[in-house]
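The same chain A turns up in both complexes below, where it pairs with chain B and then with chain C.
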Partner chain A sequence: MYTELNSILNTTPDSFTQGEFVLLSDRQSDASFLIHHFLSLYLRARCKVCFVGLVQSFNHYSAISQRLGVSLTQAKEKGQLVFLEGQKESLSVLIPQENDTGSQAMDFLRDPSVGLKSLYDVLLSLGVSAGAVLDFSHYCRAIVCSQLQGNVVMLVRCDGEGEEDEGDDEGSERLMKGLTHQCSLTLHVQGLPTGYCRDIHGQVEVCWRRRRGDGQYTQKKLFQYKVHDKGASFFAPGTSSAVL
Partner chain B sequence: MLPELLQGVDTGGLLVIQDSASYSGRHLLQSFINAALNREEAVHVLGFEVSEEELKDGLRGSPVQRLHFHNAYTDPLGWTDHPAFTVHQFCLGELTRLVKQTSHSKPAILVIDSLSWILRHVSTPDVCRTLQQLRKGGAVRSIIGLLHADMHQRGTVGSVCHSATSVITVEPAMRGDEAVAKITKRSKSGKVIQDEEIFRIKDDLTVLVQSKSSKGAKKADSEEQETDPTANLTFNLRLSDTEREAKQKLALPFVFSKAKKTALLHSGPGSGRIHYEPDANDDYDQEDPDDDLDV
Partner chain C sequence: MAAPMSSVGKPSAERSPFNNTSFQKKTRSKLISIPGTRPSVQNGQLLVSTGVTSLDYLLGGGLAVGTVLLIEEDRYDSYSRMILKYFLAEGVVCRHELYVAAAQDNPDDILQELPAPILDDVAMHKPAEQPRLSREPPDALDAMKIAWRYQNLPKVQTALASSSRFGHYYDVSKTMEPEIRQAAKCHRFYLPEHPTQSSPPHSTMLESYSALLKSLQEVINREGFDVAAPMSNSRNILRIGLHSLGSALWGDDLCCHDNPKNGRALTTFLYGLRALLRSSLSVAVVTLPSHLIQDRAIMGSITRLCDNAIALESFKGSERETNPLYKDYHGLIHVRQVPHLNCLASKLPDHKDLAFKLKRKQFSIERLHLPPDLSDTVSRVSRGELAGATTVASACGSGSSGNKHLDF
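Now for the complex of A and B:
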């Protein structure tokens, strides 16, 4: 986990908001380094984690987590981590078909655990409609966040410029918008608008959507980041160590 | 206009609060619920998107005894054996039965959170028809619905807003805790009033209108006089009268006037002449090939 990100999000392994639905998204960039942050944060907090990886294999995440000081293999053996490798297992468990095989997915989600789910939008390119993914994420939230007071983290990739054409109802943009409405915290990763930079890999926009108690307005903050071997550093725009 | 709408939607009216991913309209929706509860009206909430706890958490301080939450959040698609309320139950009969379960003397206000959820699973014409039937049915006094405009095609949003008597579109304002509300209100006489206001929602869910939006003033500015491009330069681009005359008299080199044409085509005395002696191989045509040229 990245200490600077923890201070931005006001989280520590001992205290973080429960029942949160975190949306990670990227546009022409790669936000998967944030997945590793949340994975190691929840494992260090001794929560039970369920990880659905559809793009990379278990070994990929294990290797990277090792460098961050967390052993996924150990966590798996202890029963703290359940890893669903999408490439190997059948996706029909997750996708509700015509009839109610959705109930199968729900049984799987009913594990009493703080759930971390990494669900790439590979589902969309496999022919699952944006509507079905939104339904699935709604049920994730209803069961994991509201009922079980767990957290859900989801990663969505946006391609293209931004605005979707009118005719296309199913697409990554509608999925993004739909998930943004559902979530309580978004982290959106983008490349720098000025282009490639060796010392700054991109910018992250953090947006708190639902804040209970102390004011309910949406709060946004922008940070720049650099990913390195043992983690990632975050800083306010213009304060990169290469610049100062 | 926002405070007026908060004081009460007309009987048989449909208010749609349109929001987007950049600013959630749920906070304003909670203000409307709070205002209705304070007026001692019964409020029925059809909750698809947030749980009862989350909604009531935002309504702390309001008299929630008259608030009836119908749980469509836990299982809106009927995936379990005993769903409380599913999206397919969104029709006149079911909703009337739902609202009439609680006995109140006055018809209640129905709040739908959100219409977007329903529109993803029920066709737009069916949704619009059900809303119309509810408005005229008498079981509910008025309906307030939240719609995420960026989740649907423009036609869908347009259809739903067209059947509404008032539409409030919320967007983020410059300051973090403020928002812009674009309001369209259709009265029974057919008159349409539009307005734009900047507002802030206080902790007790009352709405404070800060000011009218400055967008109206901006439109007037764009129609200002055009600036003179030849002013404030270090060189002179203007023409005096004599210079303008001389400019108009000048014959441009490649513009053909009659005099120029005849001079070019019929060479005068003293200019060269061309003598042509055709060869045996030449295909000599006596006709002038440029005869049909209209120069």
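Now for the complex of A and C:
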């Protein structure tokens, strides 16, 4: 849980909006540090969390959360956290026979849970179509957000260079657009447009999409961030400690 | 803290602090000590050497056990093949087990070309070896006249001495001797010799990849590299070398077409490979002819799926070969990805402009620097005109077209 990000998003472990669908996306950078933020935030808020880990193993998340002050093993023992190891299950699927991994994920939803996270670009690279992933996220949202008043947090990666006429990248771009439409809060992580910098790892664009009586209202804010060992710090563009 | 003596044999026996205390030194490291590995200083991961010490430094001390290193081949597959051979040769010297898979060359040919290790202070198990310590001919060893202090020492050093060093040097002009090579256990996978099985109908993986994955899993389970296997006294590391994955010889059309039909076969295989590696004591090096892959998005997802990724770009045959800027080097090396394993921040190298040079006894990677211009001509060839767009898939945006240095 990064305190600066909490103040940006106006969330605390005691109060955050329920029924939200948060989308984390990145383009040519790595937004997984945001996953750790949300994971530790929800665990500190004492919600039940269901985590689908497709890319890294449980030990990886556990080691990092330890540094952020949350113990995943304890949460798992208490029953607060349900961790689904995508990698181990996938091996049993990939080698003897192939199964549609999308259908496997549907079984996970039966748990009554508040938070749900996953990493969806891996599903795309495994051959699940963008349409299936969009359907899955729609069902997630319907069940978790509307019925159970929970939150869904999803991480998507887009590798496109931003050209819309790339026909073969339609999978990930289409997925991005579909998911952005469905969600209520987006955090888009990008590298700095001016190039690589050792002290500023990139920029985050936070976009709230709220529905009000007269229509959709979007509010955007841009921050720069730096990831270090025990967390991440966020600051307004140009106010990095390396510059000032 | 001294505990009272349990048995009072002699009343005047002195209390030796070493025998009679209940103090037990807590062993911090739960890591099993395997020859040829060492724990990382950054995050405590178990590391193995890639065989190239400068590449070890670039990757943060070495290659972590359970990860994949992707090497994007240079145009003629000369230097990437060299690094693969260094990796396998290091495995032989450290007594690890090897697994080599190739579709183009027979794995035996690759194994015969391994470079010879430079063993100056290390003795390997060789039957006809002369012990270094005695300078006399064998028949006079019974009575050493000069080195008589060494008379009682064993003649051949045990092979564990070779594993106390991390990272060795190799002489590229000589090949490894067959005795040393045969001491290491090698598993081979040569695609043309492997019977093709029909793949299950809904598979996104090709038969070649699924056969390879199955064979890898069999070897890991059979030889006991699985982490879940019962702990025996001797654990070893399996070094996996996969040559030229994704090329047309594996049956993949990723490198042949702009819109490949099996676009996701290789990515599915890499995902399965990583899942296998994470649950076993093995490490893999995969080379990939990335210059043939047209689809940048698929290349991006392939890079993401591998933990470490570097790309080699050799100057051979290109216009840069005759360029005075690059005359000391053989090519450029780009670090595409470094892993974050159990930690939030990753350690990217500080400098993006790295070049490599293959010397006879060392493969060195250095920072590219402009030599001082001592000629009369004022205009110096600026680096911005030469360096192509080197995009680094890290937290930096897509690079602008080269750095434009101000020319005075």
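Before moving on, here are some points about what is shown:
The rule we apply is simple: the second predicted complex is superposed on the first by the 211 of 244 C-alpha atoms of A that agree within 3 Å, B and C clash if a C-alpha of one lies under 4 Å from a C-alpha of the other, contacts with A are read in each partner's own complex, and residues count from 1 in each chain.
To be clear about the criterion, contacts are C-beta pairs under 8 Å (C-beta built on N, C-alpha and C of every residue); 3 or more make two chains touch, one makes a residue touch a chain.
On a predicted model such as this, the values are computed, not experimentally measured, just so you know.
In the superposition on chain A, A:Gly191 contacts chain C only, with no contact to chain B.
Applying the stated contact rule after C-alpha superposition, one finds that A:Ser15 touches neither chain B nor chain C. In the superposition on chain A, A:Ala232 makes contact with chain C only, not with chain B.
Touching more residues of chain A than its counterpart among chain B and chain C is C.
Legend: residue contacts after superposition of the two complexes on their common chain; A:Ile64 is shown touching chain C, with no touch to chain B.
Legend: residue contacts after superposition of the two complexes on their common chain; A:Lys177 is shown touching chain B, with no touch to chain C.
Of the two partner chains, chain B is the only one touched by A:Leu134; chain C is not. On chain A, the surface touched by chain B in one complex and the surface touched by chain C in the other have residues 100, 166, 169 in common. Taken in their complex, chain A has these residues touching chain C: 28-30, 32-33, 36, 57, 59-60, 63-64, 67, 87-88, 90-91, 94-95, 97-100, 121-122, 124-127, 157, 159-161, 166-169, 172, 190-198, 201-202, 227-232. Taken in their complex, chain B has these residues touching chain A: 20-24, 27, 49, 51, 53-54, 57-58, 73-80, 116, 120-121, 148, 150-151, 153-154, 172, 176-177, 201, 203.
On the side of chain A, the complex with chain B involves touching residues 96, 100, 102-103, 106, 131, 134-135, 138-139, 142, 146-147, 166, 169, 174, 176-178, 180-182, 209-210, 212, 215-220.
Those residues of chain C lying in contact with chain A across their complex are 43, 200-205, 210, 213-214, 217, 258-259, 263-264, 267-268, 271-272, 274-276, 278-279, 295-298, 300-301, 304-305, 340-345, 350, 352, 392-400.
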